[in-house]
Amino acid sequence: MAKARLISVIGAGSEAAGADEAACETARQVGRLLAEKGWGVVCGGLKGIMRAVCQGASEAGGLTVGIIPSTDAADANPYCKVVVPTGMGQARNLLVVLSGKGAIAITGKGGTLSEIGHALKEGKPVVSLMSWDFPGVTRAADAEDAVEKILAAVEK
Amino acid sequence: MAKARLISVIGAGSEAAGADEAACETARQVGRLLAEKGWGVVCGGLKGIMRAVCQGASEAGGLTVGIIPSTDAADANPYCKVVVPTGMGQARNLLVVLSGKGAIAITGKGGTLSEIGHALKEGKPVVSLMSWDFPGVTRAADAEDAVEKILAAVEK
Amino acid sequence: MAKARLISVIGAGSEAAGADEAACETARQVGRLLAEKGWGVVCGGLKGIMRAVCQGASEAGGLTVGIIPSTDAADANPYCKVVVPTGMGQARNLLVVLSGKGAIAITGKGGTLSEIGHALKEGKPVVSLMSWDFPGVTRAADAEDAVEKILAAVEK
Amino acid sequence: MAKARLISVIGAGSEAAGADEAACETARQVGRLLAEKGWGVVCGGLKGIMRAVCQGASEAGGLTVGIIPSTDAADANPYCKVVVPTGMGQARNLLVVLSGKGAIAITGKGGTLSEIGHALKEGKPVVSLMSWDFPGVTRAADAEDAVEKILAAVEK
């Protein structure tokens, strides 16, 4: 049986942290484009960017996995097909990164930064869309560019 | 979108810990029966009972989720559709329990015992098939009985 | 520099789970006796047995370590000298067990059971005082007996 | 009983990641200065900056806590007084941050970045010495400056 191929999508969970309407629309496009290319999405399962990318992916028939901080699956956004409640709070960030072949970061603050750090440590490629930018992270111009760049990196 | 409904299946990862041929055949039946009733399986993603229940579920078209101790998705058994690498070793046991509505234990030693303890603490129903038996755990006679009892408990 | 030598003490966090006055008095004695023999205590850092054993140990000059489920060190009982906030909820149970050379269980329900399971899996000795009893766990009659038995097991 | 007051010290675990002789000498000074002011050190418990800061702190009589990725306390550096084995790999990074009132970063790559991200998310002050630098992180010129700045921030 073929395993689901997943990309981690990380980013702001609230408008205050950067998940405004434009960023969420971008995240929806990222989810849709990944699904159209046969890739599922794994994320932190909550709101903001996480909800938007799950919506985009599930609307295009893609698999969505939400690894959430609480113990209660009902806390996941309604577009997560598979929910992994962890009860581990922010320690679940590492698992979001480990579950994907690479990560796309869309906006985000400290939580997203911890995920980018984990991805770099684990040798996973990271593409940044309106998010943190350092050596080792690849910047993208828009949703299409981000998906193209992450798939080029993970399919190498 | 409907969330996947999952039952945790826990038990021995090796023949030495109890996953002999008969126990694995029982686990395969449990996976198949759950799939036939529209339920997916979440487990620790490795061998023995974990592999057998994933095989049974996937052969019947069911969803299989493996939450594994290492950081490398390749360590999961080939019947896991969705793999969550945790890098957290035995701390992942809690997540296996939290991801299901209830748990079926099939054989197993200390690791399985830690999962039953977590399930009792979290108020999740546990059905035991040739596994640990205490107050709070419901014994089952065979695969069919175990699936019937766990679904009766979680659908209440 | 000599590392602190620690015994894990696990058990009920509330009177409802078994931490009545007698059990807490026993836990205080366990803490005191361990301290008198040069051993520190590591526990889950909350109330009930955890608080009592820390009180007994610290009153006798012993080191006390509390590994707590929340992110806020202020949630630890006042007798913890070193507090490790984890934000990981019950997943912290594994760490309590791993931080000691062996474990003494005093009363307790599902949470304690998960810790005993982890200890057996990791090959750590477990002594039970009014707590769970299975193959692999050594029963003790009172605080003195429990301390004697755990130290005999870990100093082998 | 007064709880131990701890500062998290994070940074490279190897010379390749930045823990060269000069950086380690700086870390030793940080440990010593913190101890002289009555603060203990919590770190990831391994080599490089972690070992150096523990050495400096313990030589000045300070408390040292190492929260290590493996399950085996023997993997901690010899200057850790209290060892918390987690078996959780990089997920332990969050715990290192949560156990201190604030963090000093000295060199470091992805692992350190994940810790800075967690610290920002949790609202803990971060001082950077030859390490990552972003909005929200305070730069320091040397060991003395770093200790002064972190204590000013946490004692507010």
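All chains are identified by letter, namely A, B, C and D, in their written order; residue positions are counted from 1 within each chain.
FYI, contacts are C-beta pairs under 8 Å (C-beta built on N, C-alpha and C of every residue); 3 or more make two chains touch, one makes a residue touch a chain.
For reference, the UniProt names are A, B, C, D = TIGR00725 family protein.
Given the structure is predicted, the values throughout are model-derived calculations rather than measurements.
A count of C-beta contacts for the chain pairs A-C and A-B puts A-B on top. More than half of the residue-numbered contact pairs at B-C reappear in one of the options B-D, C-D or A-D, namely A-D.
For the pair chain A and chain C, the distance between C-alpha centroids works out to 39 Å. Chain A and chain B have CA centres that are 27 Å apart. The multi-chain contact residues of chain A, meaning those touching 2 or more other chains, are 71, 86-91, 94-95, 122.
For chain A in complex with chain C, the touching residues are 71, 86-91. Contacts from chain C toward chain B in the complex involve residues 88-91, 93-95, 109-122, 132, 134, 136.
Listing the residues of chain D that touch chain C in their complex gives 1, 3-4, 6, 42, 58, 63, 65, 67, 71, 73, 76, 78-88, 94-95, 98-99, 122.
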